[in-house]
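A, B, C, D, E and F are the chain letters, set down in written order, and residue numbers restart from 1 in every chain.
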Amino acid sequence: MVDNSKNFAETIDGSATILNVAQIVADLRNVRVSSLEDRKRRNKPPKLPSRKVLAEIVEGIAAALFPNRLGLPDLTEDGIDYFVGHTLDTALRELTAQVRLELDFSASLDLATPHISKDSAAAEKHTEQQIAEARKVVKKFAETLPSIRILLDSDILAAYEGDPAARSIDEVLVCYPGITAITHYRIAHVLHKLGMPLIARIISEIAHSSTGIDIHPGAQIHERFFIDHGTGVVIGETTIIGKNVRVYQAVTLGAKRFPTDESGMLIKGNERHPIVEDDVVIYAGATILGRITIGRASAIGGNVWLTHSVPPESNISQAQMRANQSQ
Amino acid sequence: MVDNSKNFAETIDGSATILNVAQIVADLRNVRVSSLEDRKRRNKPPKLPSRKVLAEIVEGIAAALFPNRLGLPDLTEDGIDYFVGHTLDTALRELTAQVRLELDFSASLDLATPHISKDSAAAEKHTEQQIAEARKVVKKFAETLPSIRILLDSDILAAYEGDPAARSIDEVLVCYPGITAITHYRIAHVLHKLGMPLIARIISEIAHSSTGIDIHPGAQIHERFFIDHGTGVVIGETTIIGKNVRVYQAVTLGAKRFPTDESGMLIKGNERHPIVEDDVVIYAGATILGRITIGRASAIGGNVWLTHSVPPESNISQAQMRANQSQ
Amino acid sequence: MVDNSKNFAETIDGSATILNVAQIVADLRNVRVSSLEDRKRRNKPPKLPSRKVLAEIVEGIAAALFPNRLGLPDLTEDGIDYFVGHTLDTALRELTAQVRLELDFSASLDLATPHISKDSAAAEKHTEQQIAEARKVVKKFAETLPSIRILLDSDILAAYEGDPAARSIDEVLVCYPGITAITHYRIAHVLHKLGMPLIARIISEIAHSSTGIDIHPGAQIHERFFIDHGTGVVIGETTIIGKNVRVYQAVTLGAKRFPTDESGMLIKGNERHPIVEDDVVIYAGATILGRITIGRASAIGGNVWLTHSVPPESNISQAQMRANQSQ
Amino acid sequence: MVDNSKNFAETIDGSATILNVAQIVADLRNVRVSSLEDRKRRNKPPKLPSRKVLAEIVEGIAAALFPNRLGLPDLTEDGIDYFVGHTLDTALRELTAQVRLELDFSASLDLATPHISKDSAAAEKHTEQQIAEARKVVKKFAETLPSIRILLDSDILAAYEGDPAARSIDEVLVCYPGITAITHYRIAHVLHKLGMPLIARIISEIAHSSTGIDIHPGAQIHERFFIDHGTGVVIGETTIIGKNVRVYQAVTLGAKRFPTDESGMLIKGNERHPIVEDDVVIYAGATILGRITIGRASAIGGNVWLTHSVPPESNISQAQMRANQSQ
Amino acid sequence: MVDNSKNFAETIDGSATILNVAQIVADLRNVRVSSLEDRKRRNKPPKLPSRKVLAEIVEGIAAALFPNRLGLPDLTEDGIDYFVGHTLDTALRELTAQVRLELDFSASLDLATPHISKDSAAAEKHTEQQIAEARKVVKKFAETLPSIRILLDSDILAAYEGDPAARSIDEVLVCYPGITAITHYRIAHVLHKLGMPLIARIISEIAHSSTGIDIHPGAQIHERFFIDHGTGVVIGETTIIGKNVRVYQAVTLGAKRFPTDESGMLIKGNERHPIVEDDVVIYAGATILGRITIGRASAIGGNVWLTHSVPPESNISQAQMRANQSQ
Amino acid sequence: MVDNSKNFAETIDGSATILNVAQIVADLRNVRVSSLEDRKRRNKPPKLPSRKVLAEIVEGIAAALFPNRLGLPDLTEDGIDYFVGHTLDTALRELTAQVRLELDFSASLDLATPHISKDSAAAEKHTEQQIAEARKVVKKFAETLPSIRILLDSDILAAYEGDPAARSIDEVLVCYPGITAITHYRIAHVLHKLGMPLIARIISEIAHSSTGIDIHPGAQIHERFFIDHGTGVVIGETTIIGKNVRVYQAVTLGAKRFPTDESGMLIKGNERHPIVEDDVVIYAGATILGRITIGRASAIGGNVWLTHSVPPESNISQAQMRANQSQ
C-alpha cells in the first residue's frame, strides 16, 4: 500500500498565491481526454436521463395516483379529473423524452450498433424507430397505473393495520417513509420490466436518498408490503417477496458471499437473492442472504444472520441460531 | 404465493402506441372511488397538515431559537429582537393554521361527530370553537420555547463535551445531524403532548429523512442527550431517556417482539419501550427491546442484543452476553 | 432521574388564549444572553461558513470535474472549457470567502488572539494577512483538482467492475450514492489537510445527509474505493484505507471503546481507527474498531465484530469468530 | 407655498451615527395610528385583492383561451383539454378567493353594514351568503369566456389586417402590446360589470404597467379593436367604441375639462367620455374629450384636439382644425 | 353599431351557482376549432420563439458585451474571459434553438412548402438543412457582436456628453432607459437583417415594455444615437437615422397618413418613414411623418408636426410652422 | 451620413458555419480594453449600486411604511411592529452596503483622490471613514421615514379626492401608478439630498420603467401631489412643485431649448425647470419649459405649449395661446 497522499502534501507546500485558472482548466481537459481514451470512447458521450426531471415525473405520477393527498389539497370534484389528466399528460410527455435518452444511451453501449452512424439515412430511420419505441414503452407504463394504485392501496392498508400507532390511512400515506420507498419501487419496477433499467435505478435512488431504503427495481414484491422505520433496508435485484410481508429497519435481503476471485470481483449470477413467502415478518437488522426460501408465515428475529432456507411457520431468533450452531 | 406480476406482463405486451390518457384517467377515478368505498369514506377527505409548510415552520422556530446561527448571519443587536419577533410571529401564525387542519382531520376520524354536519349553525359553532382551540394549543406551545432552548443548549454542550473532534459549540450546532434530529424531536414532542400527533409525526419524519435518525415524538428525553453519527437510530414511542445519555449510530430502543397473532399484527400495548437512566452510553448497533430498565451509568456495547433489565453501572458487551447465554 | 417534562405540563395547563409574542421574545433573549455568558462569550459571535453556499460550491466543483455528466448536458467541444473555467472561477471565488470565515472563526477560538482587537491598525493588518492566507489555501486546493479527478475516475471504475449490475461507467457516476459520498470526501479531505476542518466537516455532512454514508474528512482513502448501497457506513477520522477496497452498507470503521471516565467522555487519542490494507472486502454490517490492521486481500464477513488485527488474506466470518471465542 | 423640505434638511444635519430602529418603528406606528384615526378607521382594515395573484389568474385565463400560444407549447390533442380544464379550474378557484376579498372590502366601505359585527350568528350568515355570492360571480364570469375568445379573435384579426408588417395571426397574438392590453381589458370589463370594480381596476393596471396603455375597465369596446404601438393611450370609464376601430399611440379618449371648483376637484358626472362609432381611425397623439360622437368611418388626424362631435366620414386634421378656429 | 355587450348581460343574469368547467372547456374547444378553420389551418400550429427565452438570451448577450457592468460584479481579470465565453456559448446555443423555431414557423406560412410533408425522407432532409441554416444565422450574428459593442460605446458616450446630469459613462449604461432600448434594437436589427423578423420583433417589444420606447428592428440607426427620457418614442420600420442624432420623449418618426380605403387598411409601401441626417436634434413630442429628409444639423422643436423635408441646419419650431401655414 | 451597416452586410455574407467562440471572446476583449483606454481608465472599475437590490430595498421600505397594505396581509396587532422593525432593519442594512458602493464609485470619479491608493494604511483609513459615512447617510435617511409617510398620506388623500372613480383610500394606494411613482420619488429625493445621486436615479428609473412616469429625484415636490394616468410624464431636476398640484398623462415640466452649440450639447445650467405654485392643475400633454412660474391656482389646458410665466389663477388653453400668438 503506497501513500499517494504525498502528492497532495507537495502540492500544498507551493508558495505563490496567484490562482491560475487557465492552467487548471487545461489540466482538467487533459485528464478528461485521457480518461475517455482509456475507455475507448472518442465520440461525445450521449446525454443521460436526468435525476431532477425524473424526480418531477415521479412526483407528478404520484399526484395523479393520489390527487387528494399528494396532488392539490383544494381539488373539487369538478376539477379533479382535469388535474389528474393534465398532470399525467405532462409527466408522461416528459417521461417519453427520458425514455428516448435511455434508448439512445443503451444503443451507444452496444458495440455492434455504433452510436453515430455515417449513413445519415440509416441514422434518421433509427430516430424514427426510437420515437415509436419510446411511445410504446410509455403507453405500456401508463396502462399499468391503475394496477399500481391498487397495489399501493394494499401496501398502505397493511401499514395501517400493522402499526399500532397509525390512526388513519391518510397519515400513513403522508408520513411513512416506507410508503415513499414502495411508491418509487412500484413505479421503477414497471419501467425496469419495460427495458429501462437506468431510469428505474435513478428513481429507486431518489427514494434511497430520502428514506435510507434501497430496493432494487428488479425485485418482485407482491401486495401488502410494509417497511417500518426503514433506514438501512437493502433488497436485492432478484429478491421475490410474497403477499403481506413486514420488514423492519436495517434488514438486508442480499446475495450470499461467494469466495472472491483474484481480482476481488463478485461472480455474477441469476437468482442470487432470497424468496420470502407470504405473511413473513422480518425484524430489525436481520440479514438474509442467497437464493434461499423463507417459508410462509415465518418470523425472523432481529439481527438474525440467515443463509439457509427455513420451512413455513418457522420462528427464528438469534439465540436459536447460536444454539443450532453449537450443536 | 401467487405471482400477480403476470398482470403487468400481459399489459406490457399490447401493441398499439396511441396513448389514451382519457381511459387511464377514468380507470384511476374508478380505483379511487372503490378505494374510498372500501373505507366507508364518501365525504371529501379533509385536508391534512402540509409537510412542506411544517418544514418552514420548524425552520422559522429554529431560527428564532438560535437567531445568530440558524437565522440571519448579519443581525445587529438592534435588529435581533425584531428578527426573532417577526420570525416567530410568522411561524406561529402558520402553525395555527396547521393545528386547525389537524383538529379538523381528527374530528373527521371520530365517528360520533360526523365531519360535515347538516346543521349549519352547529357547524359554525364548531368552527369558532376550533379556532379558539387552535390558538390555545399554539399559545401553550409558544410558551415552552424558552425551555426548549435551554434543553437544546444542554444537548449541544453534551455533544461538544462528548466528541473529541468538536472544537466549538457553534460547529456542533451547525454540523451535527444528531442536533438536527433532537431539535425536531423537542419541538415535535411538545406538540405531541398538546394533542397534535400527526403534526408531531410529520416533523419527526422531516428529521428522519435528512438525518436517518427516527425518534418518535412521544418518547421522553431529558437534558444533555447526544447522538453521534446517528444513521439508523430508532427510538420508540414510550421510551424514557434520562439525563446525559449518549447513543451511537444504528441503536434501536424498540418494542420487544411478541409472538405474532394469526394476522401477523403487533399487539398494541403501553409502555413497551425501554427506560434508559441517567449517564448511560449505548454503542453503535445495540438493540434494546421491551419495557426494561438500563441502570444509571451503564455502558451497552456495540451490536449487543438486550431484552432484560440491567442494574446501574453495568458494562455489557457482546462477548459477555454470549458467555451468559452459554452458562 | 428527574422528570423535567413537568415544566411542560404546567405551562400547557395555562388558560388564556392571547399569544404574547413580546414576552416570548424577551424570554428567548434572556436565555440567549445567559447561554453566551456561560460560555464566556460576550463578543458578537463570528459568522460561520454556510452549509448552503458550500453545497453550491461542491456542486460547482463536481460540475467542473465532470462537465459532461454533472455539468450542462449540451456542452459543445467549443464551449466546454469556458464552462469549466467559469464554473471553477465562480466556485473558487465563493470558496475563498468561506475560507476567510473559517479563518476568522478559528481566530476567535484562540484565546491568545482576541477576536476584536482594540488596536485598529493591528486589526487591519490581520485582515490583510487573512485575505492572503485564504487565497493561498484556495490556490493549493485548486491545484489538486486534476489529481482528485484521477482518483475519482479510479473509484468509478472500481464500482463499475465490482457491481455485476452496472452496465456503464456513466450510470455509476450518476446513480451510485457511494460515488456521491466519495466525491464529497475527496474534496473535503484536501480542505481538511489545508487546515479547514469546519468547512471539510460541513461538506462531509452534506453527503451524509443525502447518502447515509458518514466519512470523516480526516480519513485517508486511496484509489479504487467502492461503497455499495452505503446507508449506515461510518468511517472515522484516523482510518487509513488502501487501494481497491470494497465496503458494503452499515460497515463501521470506528474507535475502540475505552472504559469511560467518571464524566462519561471518550479519551481523545491519535490513530484510534483501523488500517485497512489493499484489496480488502468488508461485508454489510461489519464493525471494525481500534487501531488494528486488516491485512491485504482479506475478506471480513457480514455483521462481524472485529477488534484485533488479522493477517493478509484472512477470511473472517461470524461463525469463525464465535468458534474462536469458544476456544 | 411653504418649503417643507426644511424638515428634511434639519433631520439630515444630526450628527450621531447609531441607528435607532426602535424609535423609527415607534414613530411609524404613531403616524399609522393617527392616519387611521383621521379616516375614522379603527377596525383592522380588510385584506385587499392581490395584484400578484390576479396577474397569475389572468395569465391562467389567457392560457386557457389560447392554449397553444399562451399555454404550454408542446400540448398534444390528447392533453389539450386537460390542460385547459385544469388551468381554468385553478384560475377560477383562485379568482373566487379574490372575489370574496373584494366583497368583504366593499362591505367594509358601507357604513350601514359595519365590517365586524358583534352578533356572531349574523356574521356567520354573512359569510355563507358571501361565499355563495362569490361563486355566483365567478360562474357568470366563466360562462363569458367563450365569447371573450371570439372577441379577441376579432381583435387579433383586425391587427393582422391593419398592420402591413404583420405576417401571421400568431405573431400578432404573441408580440403586440395592444393585444395584451385588450385581453386584460376584455377580462376586466366582464368583472367590472359583475360588480368587481377593484379587481377589474387592478387587472387593467397590470396591462397599463407592461404596455403603457390605460383602458378603464368600465369602457365599452366592441369587436375588431386595434391599438398600434400604444404607449400613452388613455381610454376613460364611460367611453363607447364601435366595431373595427383603430387607434394609435398617445391617443386620449377623455373627459372634457370642467372649470375647477375652489378645492380643485373634478365634478363627477356620468357619460363624460366620447362615443366612437364603427370604422373610425384615430391617429397618434389625438385628444378627444367629452361626451361627443365621432361619426362612422371618420379619420381623426395626429395631434388633433377635438371637443365637439363630427359627422360620419369626417376627415379631421390639425391644419383643418386651426383653419376652422381662425374663421 | 350594435351593442353586443347584451350577450354578457344575459349570461350574467343566470341563477345557478354550480360551475360547469366541462361545459366551458367544450365551448372553448369549439371556438378554437372554428377559429382555426376560418384560417384554413388544420395542422397543429408550429411552436413560436419564446419571449421569455429571448429575454434571457438578450440578457446573456448584453452581459457578454459589458461583463463588468451587466455581468457579474466581482469578475477577476482571470475569470472574465471564461465568463464571457461561457455566457456567450450558452446564449448562442439557445439562440440557435429559437432561430430553428422561426425557420420552422416561416416555412409553415409558405403555402408552396406544406409544413408537414408526407414524404418522410424529404422531411428529414428539410430538418438537416434547417439545422445548418440556423447555425449559419447564429454564426453571422455572433461575428457582429464586437461591432455592436463599438456602436453601443458610441451611443453611451453620446448620452454622457448630451446629458448635463450624467456624471459618468458607467451610470449612463446602468440607468438610462434609452440605452436599454438601443441595446435591444442593435441586437434585434442584426437578426432582422439575417431574416429573423419575428425574433427581432419580440426582442424589440421586450424593450418597448420596459422603457416605453418602440423602435422597429428594421430601422437603420447609425452611431452616437441618444434618446432622453424616451417614454412614447416610436421609430418606424424604414426610418434611417444618421450619426449623432438626439431624440426626446414622445417623438414619432412614422409613416404619413394615406387616405384610408373602404376597409380602413393602410396601404403598404416601402420607404415610408423619415430620413434623419447626422447631428439632428428632435425635441419632445415632435411628430415627423413620411419619407421626408431632415437635413444635417437641424433642430426640430417640441410638439412640431412635420410632413415635408427641411434643408440642413433648419431650426423648426411650432410657432414657425403656424406662421408658415398662415402665409 | 455614411452607411456603416455595410460592415454588417459583409460579415453576414461569410459562408462557414463553425462558430468560433474563442475568436469572438478575444475580439470583445480587445474592444473592451480599447474602450477603457479611451476613457483613461485602466484600473478595474468599481462596482456600482445594484438595481435589483435597490428594488428590493424600496419594496422593503414601502412595506415598512404601509405594513397592512404593502407588507403582509395577515399581520396581527401583536406582530406588526416586529414586521416593521425587521423589514426596516434588513432594508437599511442592505441600503448601507449600496451607499458604500456609491461612495466608492464617487471617489473613483474624483481625480484628486485616486481610487486605489498605493499607501495601504491610507486606504484602510479611507475604508473606515467610508463605513462611518455610509452609516451616517442611512441613519439620516431612516429618520425621515415618518415624514415621508405623512407626505405620502397627503398624496394618497389628494388622489382619492381628485379622482371621481376612487372609492377608497386603500385602492388608491394599491392601484394607482401615480402613487407608485411618487413613493419612489419621495424615497429617492431624500437620498439625492443626502449626496447619493446615483442610487436616487436608479430608484426613480425603477418607477419610470413600471409606470412611464419619469420624475428626477432632484425635483422638489410638496404635499398632496397627484398624477393621473401618468404615462409619459417628465419632471426635470430643478422643478419646484407646490402643495395640492394635479398633473395628467404626458405632461412635461422641462428645460427650455437653448440654441445648440457646434457639438450639439445642451448648455448646463441651474434652475432651468419650472416653478409650479400651490393648487395648480396641468392637463394631459401640456409642455411647460424653462425657469418660469405658474401662478397659484392656475389651470393649464391639454397640449398647451408654455414657455413664459403666468400669474395666479390663470386659465390657459391651446386656443388662447394661439390667439395670443396671432395678436
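Assume a contact is a pair of C-beta atoms (placed from the backbone, for glycine too) under 8 Å apart; a residue touches a chain by one contact, two chains touch by 3 or more.
The structure presented is a predicted model; accordingly, all values stated were derived computationally and were not measured.
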Chains adjacent to chain E and to chain F under the stated definition are C, D
Counting hops between chains that touch, how far apart are chain B and chain E? 2
Find the chain most remote from chain F, comparing centres computed as mean CA coordinates. A
Per the centroid of Cα atoms for each chain, what is the distance between chain B and chain F, given in Å? 53
When the centre of a chain is set as the mean of its C-alpha atoms, what distance in Å lies between chain C and chain D? 57
Could you please state the distance in Å, as a whole number, between where the Cα atoms of chain D are centred and where those of chain E are centred? 25
Return the residues of chain E touching two or more other chains; collapse runs of consecutive numbers into ranges. 19, 21-22, 25, 74, 78-79, 81-82, 85, 88-89, 212, 231-232, 250, 285, 303, 322, 326
Would you please name all pairs of chains that touch? A-B, A-C, A-D, A-E, B-C, B-D, B-F, C-E, C-F, D-E, D-F, E-F
Partner chain F, residues of chain B touching it in the complex: 72, 74, 76, 78-79, 81-83, 85-90, 93
Which of the residues in chain F end up touching chain E in this complex? 1-5, 7-9, 11-12, 14-19, 21-22, 24-25, 27-32, 35, 39, 44-45, 47-48, 50-51, 105, 109, 197-198, 201-202, 205, 208-209, 212, 214, 216, 231-232, 234, 237, 250, 252, 254, 257, 260, 263-269, 285, 287, 289, 303, 305, 322, 325-326
Complex interface listing, chain B residues touching chain C: 64-65, 67-69, 73-74, 77, 80-81, 84-85, 88-89, 92, 132, 135-136, 138-140, 142-147, 149-150, 153, 161-165, 167-171, 174-177, 190, 193-194, 210-212, 220, 222-223, 229, 231-232, 242-244, 246, 249-250, 277-279, 281, 283-285, 296-297, 299, 301-303, 315, 318-319, 322, 326
Once bound in the complex, which stretches of chain D touch chain B? 19-22, 25, 78-79, 82, 120-121, 124, 128
